[in-house]
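Below, chain A partners chain B and then partners chain C, in two separate complexes.
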Partner chain A sequence: MATYIHALYNDDDRLIDGAKKVREQGFSIKEVFSPFPVHGIDKVMGLKRTRISICCFIYGCTGFSLAFWMIWYMLIKDWPIDIGGKPNFTWYHNIPSWIPVLFEATIFCSAHGMALTLLFRSWLFPGVTPKNPDPRTTDDHFLMVLPAHSEEDELKLIATANATGAVEVKKVHL
Partner chain B sequence: MSHHESNIREPLLLGKKTYHQITEDVARPVEGKANNYWWLMLTFAIIAWIWGIWCMAYCVGRGIGTWGLNRTIFWGWDITNFVWWIGIGHAGTLISAVLCLFRQRWRLTINRSAEAMTIFAVMCAAIFPVLHMGRPWLAYFVFPLPNQFGSLWVNFNSPLLWDVFAISTYFTVSLVFWYLGLIPDFAMIRDRAIDKGRKLFYTLLSFGWSGRAKDWQRYEEVSLVLAGIATPLVFSVHSIVSSDFATGVVRGWHSTIYPPYFVAGAIFSGMAMVLTLVIIGRKVLNLEEYITIQHVDTMNRVMLTMGAVVGIAYFVEFFMAWYSGDPNESFIYLSWNNAKGVYGWAFWSLIICNILLPQILWVKKYRRNLYITFILSIVINIGMWFERFCIIVTDLYRDYIPSDWTYYRPTFVEVGTYVGTLGMFFTFFLIFARWFPFIAQAELKTTLKATGDLYHNPPRRLTHNEEALVPQNS
Partner chain C sequence: MNYYTFSGRTKNFTFALMGIGVIALLYGLFNGEISGARFWANILLEGLFFSFIALGAVFFMSLQYVAQAGWSVLVKRVYEAIGTFMPFGLLAIFIVLVASIIGGMAGHNDIVYRWMQKGVTDPSSPVYDEMVVKKSMWLNIPFVLIRTIVITSVWIYMGMVMRKRSIEMDLTNDFLPLHYKNMMTAAVYIVFFGITEQFMAWDWVMAIDYNWHSTLFGWYLFDDMWLTSVVVTILLTLYLKRKGLLQNVNSDHIHNLGLWMFALSVLWTYLWFWQFMLYWYTNIPDEVVFFQPRIDHYRWLFWIMMMVNLLFPLIGLMTRDTKRNPMFLAIIGSTIMVTHWIDAYIWVMPGSVGTGWHIGFLEIGLLAGFTGLFLFVVLSSLAKAPIQVKNHPYLEESLHHHF
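So, the complex of A and B:
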């Protein structure tokens, strides 16, 4: 059974301050729940930078390639239509008028791909049970979950949380 | 964490808001009961919508012969309304994406409603080209699907097909952008909900959001990148809509200035619609301290700038028509012949509503006057409607052969369809204002310390009561 200290703050600057103090003492921070993105907390916690924008780029390239292949297949390979005496036999003559669709397909795939990646990676779907331990963390409170491995750790963490202005400190057994 | 804001800026959040107070104010309309004005407006909107549905059904049943279109004027109210609605949608993306990239903090209290406006406006817009197909049950033919009549594919060289791709991308991407923004706010309402039904409803809508640090990190990155790709998207969409005209070999339409001119016009009319909606919204939902006079002033400045861009475009069109020396060109929608012709009333409505009246916004007193702004925002939307009407109808009614010269009047079916889309738009918007958080509260809270009255720099001398509200070491 693991023991966690839940330190609840009511101000984002104090949360950052508390998180820094906890890290300085060599403890880790398991999780932080906040009502809005607290800038800098990810660095203090030691979270890696998200790679979701790289995914977005890959989705965009995929969208572009798929659209290019689709248009080429439909308009050049499968059934070249003669429009106003200008048949579509060559892709390089037609490319300028493909730009809008290529662009839109790129945007479409990158935006939706990225949004779906966010939902999958953060596991956000209708019907998922929220994991924030305290309902106030979507309102105006900030909760830091600190794993404690011994009683000594517990006391130190509780002392640090109290010293940095936590409004509520709780010991939780999971 | 930097909360810096220039000292000369006015606070954007009045009334000494704290984080909790923002939650309370945003949740209040969702948790409370709707007032009589809301019910009254909803009733009107639904009646208009039903009337529109009846007209659409009549049109589908009898064919588009029920419209007033005729030979040479083959586009009328339908495409006018289509371009008008799409244009209105653009301000939503401008506010949420472009101003996000520019780090404009004033956008935060209006972006949610502006994005909602975008989505509903695009839905209204899509109705018109589908109806104009004549056989809307075959609308899926616009998608690149193989069909049973031979391997006949769609024509990727046609701007009408570009429109299909542009608008479907625009709609779905806007929807995703809007919904992702809503998720943390739904979670806030979920965690406050007391009765079971509401708790379940908002649990489903919030996708189980719990505000973990990693989620926020990804979320912020996604918001920023989405803003980055929505920005060229919004410019591309109206450029492509303008290509419907600009690539056509019709004098008046065949004009290279169209893409930037249409985008500026779209933002102009969209800003006007945002102002119409938020001036009502701030009053009805008691959000005057969030959507302040300062916000209205800023939006008016954007509108004035865009109005000036549109004005220059009109001037260039007018000048080039005259300068070309071509007799055909001298009958385009911005020309003396049109100003003096049978459609002169439309021409002058356009000039008065879009060019002359918005000039009062140069005066600060008027920019900050809600009544004048409200009336002007409606005037500009009327003017922008006439702009599209003039481009479409008055470029078509004087064809190359004088015996083809004609006049166009809409029938009740076209008017009813338009009224119906207005009804649909307001029905959706009213439902949105009631059940969805009207202000992006999670994002707004990130800027509270920079823009809030309570924290504003340089600090005013706080009263005793206010001092108790400020957390001690911030």
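So, the complex of A and C:
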């Protein structure tokens, strides 16, 4: 059975301060729940850099290639249509009018791909039980989950949380 | 050490650049160039390029006030100092306007603003142009002069007032009222500038190709001002950091400025392409008159300028690390400054100099001269105030800026 300390803050600066103090003492932070993205918290928690930008690049390339192929197939290979007298028997002659399509498709695929990846990675689907331990973190509180491995650690963590201005400190057994 | 000292060596460097400019001016004067469009078009080009940097800086400053942005407080003095060049650049533009008027009245045809030629509205004259007659409600000499004088004086006045108050803020403990006053001025300035900049873009740049009109061109110039001022802010900040000043500016501040550079470069390309694609698609004579001479006679400059302005920032600044790397930012920043100068060259030259253009001593010399003057003015005003703001409601926020 693992023991966790839940430290609840009502200010994001105090939360960052608390997280810093906890990390300075060599403890790890399991998770932080917050109603909005707190700038700099990822650095303090020691999280690895997000890989979502790599995903974004891959999705963007996919969208670009799909649009490229779609334009070529629909408007050049399968059925060339004379639109406003613009040359349409080769891809490169009509390039200015293809660029908006390429742009839109690239953005479309990267944005939707990223959103879906994020939802999938955080396991956020309709009907999923929320992992959030305290509903107040969806309103105006910030919660830090600190794993404690011994009695001594527990006391230290509780002391640090109280010293950095936590409004509520709880011991939780899971 | 909170003051920048404009050292003798740097001063001499700017004087040397100015000296090259003076030699170029004299060369143009005694070479007979002065009676042609090329000489004046070059002064106009430098005036536009450098006053746009200053105008963009004052706009950027107002934007920071109105948005109540905290991060930028540490680099505030830098863009304030850039804004002080405004009157000098605008004066150069005004001189070219006056020279064109005098040239037109004297019956010269080889002037920068061809719509000012004598007899252009007279049907019996060989230079008669129906377009100018139709546009004469807006494009007539007294009206152009009046609005140029009124609008630019308001810009200069408001820019000076905001800088003066900002410096006063450092000297008093009761600085909040001054800050709020500046916020109000900045809000008025943004609205006023957003509208009047369009008029000036039409009068100063669009009127060179007077057969052409575009409602988007003003925004294109607007973005150019904004971008070049941000790039100069970055370059100056990096320079000052190398000098050991602005030590509190960390890589997150630089990152933010790099983000501006990236975003505005993409916006620049967006506006450029928007105009180009629609013109290409509709193929209306009124509109393609802008791109035709540029693509036919300025082909390599035109395409290289466009590709560099798009691809350098887009590829170079896409990742986070390059936006925090001073060396990388400096290289990309100075490259796109050069290509934006070429961009300005292509605004001015096709309508005034035409097909017989070449970049010779006059162009390079005047560019060097104006660069020297610009650096001299900006660095002198930088030396006049503490480089890091002492009193500002968001100073603490800027010192702790991180993300």
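What we mean here is this: the second predicted complex is superposed on the first by the 166 of 174 C-alpha atoms of A that agree within 3 Å, B and C clash if a C-alpha of one lies under 4 Å from a C-alpha of the other, contacts with A are read in each partner's own complex, and residues count from 1 in each chain.
The rule we apply is simple: contacts are C-beta pairs under 8 Å (C-beta built on N, C-alpha and C of every residue); 3 or more make two chains touch, one makes a residue touch a chain.
The shown structure was predicted, so the numbers you read here are calculated from the model rather than taken from an experiment.
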Query - Which superposed partner A:105 touches (first chain B, second chain C, both, neither) - result: first
Touch check for A:165: first (chain B), second (chain C), both, or neither? first
In this superposition, the partner of chain A with more touched residues, chain B or chain C, is B
Touch check for A:52: first (chain B), second (chain C), both, or neither?
-> first
Exercise for review: Check whether A:92 is in contact with chain B, with chain C, with both or with neither, and answer first, second, both or neither.
Suggested key: neither
For A:130, select first, second, both or neither according to whether it touches chain B, chain C, the two together, or no partner.
first
Footprint intersection on chain A (chain B / chain C) at 39-40, 53, 97, 100
Interface with chain B, chain A side, in the complex: residues 10-14, 16-17, 31-42, 45, 47, 49-50, 52-53, 56, 60, 70-71, 74-75, 78-79, 81, 83, 88, 94, 97-98, 100-101, 103-105, 107-108, 110-112, 114-115, 118-119, 121-132, 135-140, 165
The chain B residues in contact with chain A across the complex are 1-2, 18-20, 23, 144, 150-157, 159, 161-162, 165-166, 168-169, 172-173, 176-177, 180, 183-184, 187-188, 190-192, 203-222, 225-226, 229-230, 232-233, 236, 240, 243, 442-443, 445-446, 471-474
In the complex, the residues of chain A that touch chain C are 39-40, 43, 53, 84, 86, 96-97, 99-100
Within their complex, chain C touches chain A through residues 273, 276-277, 280-282, 319, 402-403
